[in-house]
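Listed next: structures, encoded as structure tokens.
Note that chain A is present in both complexes that follow, paired respectively with chain B and with chain C.
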Partner chain A sequence: MEALLTAAFLTALLAGAVAAGVPLLLAGLGEQMSEKAGVLNIGIEGMMLMGAYLGFLVAFESGNVALGFVAGMAGGMAVALFMAILCVGLGLNQIVIGIGLTLGVEGLTALLHHFQFSTTYPRLAAAWRLPVPGLVELPVIGPALFDRHPLVYLAFLLVPLLAWLYRRTALGLTLRAAGEKPAALDVAGIDVQTVRFLAVLFTGAMAGLGGAFMANVAAGIFIPFMTGGAGFIGIVLAMLARGRPAWVLIGAVIFGGALSLTTALQVAGLNVPTDLIQMLPFAAVMAVLVLYGRKARLPAALGLPYVRGAR
Partner chain B sequence: MSVSLETTPGEIGEAAPGRHRALVHLALVTLGPILAALVLSGLVLLALGVDPLAYYGYVAQRGLFSWLGLQQTLTRMAPLLCLAAALIVAFRAGIWNLGIDGQFLLGAMTSAALAPFLITVLPAGATLLVAAAGAALVGAVWSLLPALLRAYQQVNEIITTLMMTFLGVSFANLLVKLVFLDPGTTVPQTRTLPVADRLPTLFGTTISGGLVLGLVAVVVVHLVMTRTAFGLKLRTVGENPQAAHHAGLDVPLLTVAVFAISAALAGLAGGIEILGVHGNLRADWNPAYGLAVIPLVFLARFNGFAAIVFVFFYSALMIGGESAARRIGVPHYFTLVLVANLLILLALAEYLDHRRRQRAG
Partner chain C sequence: MPVRSAPATAPVVELLGVTKRFPGVLAVDRVDLALLPGEVHALLGENGAGKSTLVAMLSGLVEPDAGTVRVEGRERRIGSPRAALQQGISTVFQHVMLVPTLTVLENLVLGMSWWRRPDRAELERRLAAIRSEFGITLDLDQPTGELSLGEQQQIEIVRALLRQSRVLILDEATSMLTPSGADELGALMRRLVKSGLAVVFITHKLDEACRFGDRITVLRLGRKVGELAPEGLAAMDQAAAVDEVVGLMFGDRSIAEARPTRLRKAEGAPILTVRGLTVTGATRLARVDDVSFDLRPGEILGIAGIDGNGQKQLAEALAGQRTVATGSITLDGRDITRDSVAERRRLGLRYLTDDRIGEGAVGGFPVATNTVLKEIGAPPFWSGGIERPGRIASHARELIDRYDVRTPDETTPIGRLSGGNIQKVLLARELSGEARVVVFNKPTYGLDVQNIMASRNRIAAIADASLAVLLISTDLEELLDVADRIAVMAAGRLTGIVANDEGARARIGALMIGRAA
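So, the complex of A and B:
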């Protein structure tokens, strides 16, 4: 038990929680925007994976990780564009299309990876870190929280920014209306489809960025199917957060911690089967749903296409 | 949110005056997306520098037109048919059971754990029966939590069943590696059921007897859902839970029943694959058949007989694709691309057809 409380273990756990949690945070925040606007974005897993693949590819070919992040966002948005056109524009079933897009991206990225990198499995150099002066000196949380890639800080800053957007701005109100009572928004003269379209694209950008972070910073390599359900966890985070970005952050850190426990336990000298550790985040999701499932409130018009004039 | 694209299942096969025209129309909205998906996926192959015609030709030759390949195709159909039956029950009852891969794998694990042990104390027939029943039971148990959450707490089952699949896959691996490990081999796997004691093959071929079980499962499910009072109850719950409640149906109980039946069939699919083909379960083996069967069931409009046809062609595609991975060097991930295209184009075709009919009045 003593081994579990050493500074090395705690640092490894917290650092791992951040590395694994940032993609979840970005995906969860992105999904939250879609869900607020009334679109259940099951395709987010595919958007993350596309972001991871394109982000890695561009970062590797250009040698510029920042450019990789832009590409990752673009990749996520490209998949989101399909989702937006098919589900928002044409009103097709959001679940069918979401699954279809995820399967397609899984197959496509695995194929492309096979033809490009399957013999070499190239790695990126270790990610750039930006220590925050002063704070980095703190024990345990210094190296874990304040000696990270700048994107980590940006992701954390996004939380209060989005909270402010949802609560204090007209844009936030518009988004909520698109999910709760689209007809009212329509009457107010704002096009529901446009609002939802943009919300889905934002989700794609966030998911793509999260995927690119996963490949370029957390792992330094692209592996087929590497998102492994992170997008789905993002959906759960958004569902349980009941529309509040701060809760997405809390959830992301907890699930990130569960995901990174293997490495941390190895640091502490304990050997626990990986399969058992891999079950932790999903078991945690189920436990939370059992306890708080009833409270996971979702917007009233979630998942329903908006057809003007239809009741 | 009900599980349907645009067409309701009842519309198919109605004996209307224009039955001939309806059939032609059905062929168009079915074959159209299939052909379009083949073309679109072919373009992906072309972009990768592979001749799509040569690829498809090889896949068809290997999966359909060679006796060896055809036998493998028919054997592969067995688990896929059981999974299709599992999905038909769930989708017709308005339940998104997306956890069939986890239920499948735990079913497989159960059979692989039971059969090699039971065969030492029981006759072969009883061994197979108990091992298959165990697989179905474990599959059903694995769906209990999502079922109860959906039935009594209104928690969205898409998320819970997906979570349970991730959990189930890791759990099955854990059990294989830690509990049911065969100490006699270096690869982590369960003990092996001898070939002679597996499900009998059909008429002196290598086709697994599981095919018969799969066919029976789909046909029975189709008839129960379309021709019996119990099926009607389940469909009512799926299409309008409030109406079902007012009609005096115990909606939560029926919801749990749907999950249990669906997941038991998925577990049985895993059992059949082990008892008929592999004889043991290797750690980290996860064919993920489930997500690929979803588009097939949609394509069949939840009709069991149509599902048999699509499963047959998909099996051929899988067998051919696996062989092409070795010969032509295109990994079997390509089947995922094809399935995704199929799913999206199918939804699109349904939409266009719906619009056309609306305009026609």
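So, the complex of A and C:
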């Protein structure tokens, strides 16, 4: 049991929580933007996976991880474009289209992976790190939080940035109105479809970036289905966060911690069946849903396509 | 001193021969309309006369199929709400177009360029100017959803003023206001047109059109059937103007004689007794607080009051849809306070909801199914759990016949019928079997004049057939027309019950504003 309380273990646990939590954070922040604007973006799992695949492919072929992130964002946005055209432009059912897109991308990336990498399973070199001078010297949290890939810092910076955007800017106001009462926004002279379209594309970019982070930084490899429900956890985070980016961050840390704990406990050689340990993140999802799910306050027009003039 | 005639002003916005067709309906048929600055232009017509479609055209929600729109003499397209706003046309819609979760300030700045930050100081300066000119004050930090509908309407008017509109359209703006609120709006409209605005005031209420309008355009079945210019209106007194407009709206048919005649008076012992009924609600107003009354067979007891003062909660508590905190409800000597909805229905207590489509019917189901919706599984329409479509259909056909429901047939989804016809189906359903007490909540809300009259006659006939009727309505005229006694409800309490005789109107008015009769 002492093994669990050493600095090395705690550092590994926290580092793992960050690695697992960053994609969840990006997905949750992205989903939150769509939901604010009134689109339930179920296709986010597919957007993440496409981001992971394209991000890895480009990073591997070009040898440039940064370029891989750009490609990951583009991949996520490409899937989001379908979602936006079908669900916002044509007003089709968001749940059906979202599930369809996720399943489609799962099949497509698995197929492409089979042809390209299934015999070689290539890996990327260990990701670049950017230690923050000074802070990195701190015990335990220094190496876990301040010796990371720049994208980690960027993801954390997005939290206050988005919070400011939602609360203080006209753009945030526009997004909230699109999700609460789109007709009111429309007669105020702003095109609801455009707002929702852009919000979905932003979700795609964030999800793609999160996926690319999983493949290029956290794992260094692309494996079919590697997102493993991270997008769906992102949806849960966005719904529980009641519109606050800070709560997405807290949720991402809890779920990331649970995911990390599964690895850490296994490494620590605790005498507990691995199946039980691997259950942890999902038990955490359920526990959080039971405790806080009832308090989730969702935008009034979430999931409803907007048609001008319809009552 | 010779009166100098005002310079001939040119219309700000002009509609020329506009036409709009929706599937199966010609909503607007070659209508001309000129909106002049400094004038309140009343658009008057029944439901389905084409008022809403004209509003939608002016505000950019729909585009006309034919005809032209001119703004300051130039032909323009108004293809979106944004385009309408850019032409200086602002609309206050019948259903409030504000985001309830945003603050007043946020709603005011909604729609401005997204890259700009709301400038509060600048806004407050302009609001102060509006306050001194028009007398509207707003609390910027209130959540909009907590304000009354009248206050929300003021926010929308202020928003239009902030945008420096040239035309302000008020769509059925008085439908959610108290009588004194409507008068205030009338005064506000005067100040607005004085500042040079063109105001379009849409209403289906005759007296309001005559009181507030400088110019009255009457619409009927999508056509413009007449226009009373300010010169003509000024020469007439109010009664003459009303007569003139009634002639335009209904041909020679006058609605003045349409008051239903009651044949019988209430008789016998009370059938429904309510004592100290209390229902806790979410808000200060939406609750029932210590309500007591008796209702006798053959009697219509009206409940007057401003909407949202616990009327719906009272109706639902009586019907069994809402839990009673304290107090008792007795139906024919039997305590039914804790009985279920189905049990109360079986005992003859029937409830006609004001939410016809949301709660009263399943819009996608055929008319026939809706007629038996409250008896699912019960004989004779079900036998051993198996539906008997033939029985249901013949029952439905009989009701359609008896209540004069205008529907293609009994298999038509009820949601496709008009409000008046849905109301007839629901009434037919509630009255079938052994009905003894009928609770109506706003039975004529949203119906057109003809259906309102038919409904009132039917309610009178129900009482004449020795049923007891509780009639909840926000339309005082309706209660004065048919009720025997009228109670006033405010903030969940009955503030008084008066007999409906000479002088009832004044006593109810006193009760409504909180004075004893």
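Structural remarks
Just so we're on the same page, the second predicted complex is superposed on the first by the 304 of 311 C-alpha atoms of A that agree within 3 Å, B and C clash if a C-alpha of one lies under 4 Å from a C-alpha of the other, contacts with A are read in each partner's own complex, and residues count from 1 in each chain.
Heads up, the rule we're going with is that contacts are C-beta pairs under 8 Å (C-beta built on N, C-alpha and C of every residue); 3 or more make two chains touch, one makes a residue touch a chain.
Source: prediction; values computed, not measured.
Overlaying the two complexes via chain A leaves chain B and chain C side by side, clear of any clash. In the superposed model, A:Phe117 makes contact with neither chain B nor chain C. Within the superposed three-chain model, A:Trp247 lies out of touch with both chain B and chain C [touch as defined at top].
Between chain B and chain C, B touches the greater number of residues of chain A.
In the superposition on chain A, contact is made by A:Gly104 with chain B only, not with chain C.
Shared-chain residue A:Phe232: touches chain B; no touch with chain C. By the document's definition of touching, neither partner reaches A:Phe156: not chain B, not chain C.
Closest contact between chain B and chain C, by C-alpha atoms in the overlaid model: 5 Å.
Looking at chain A, you'll find no residue that touches chain B in one structure and chain C in the other.
Within the complex formed with chain A, the chain B residues making contact are 1, 4-5, 44, 48-49, 96, 98, 145, 149, 153-156, 158-160, 162-164, 166-167, 170-171, 173-174, 177-178, 291-292, 294-295, 298, 330-331, 333-341, 343-344, 347-348, 351. By the touch criterion given at the top, residues 42, 82, 86, 90-93, 95-97, 99-108, 110-112, 114-115, 224, 228-229, 232, 235-236, 239, 273, 275-276, 278-279, 282-283, 285-286, 289-290, 293-294, 296, 298, 303-304 of chain A touch chain B in their complex.
Against chain C, in their complex, chain A makes its touches with residues 168-171, 173-174, 176-177, 180-181, 183-191, 300, 308-309.
Looking at the complex, you find that chain C touches chain A at residues 56, 59, 61-62, 80-82, 85-86, 91, 93, 97-102, 106-107, 109-118, 159.
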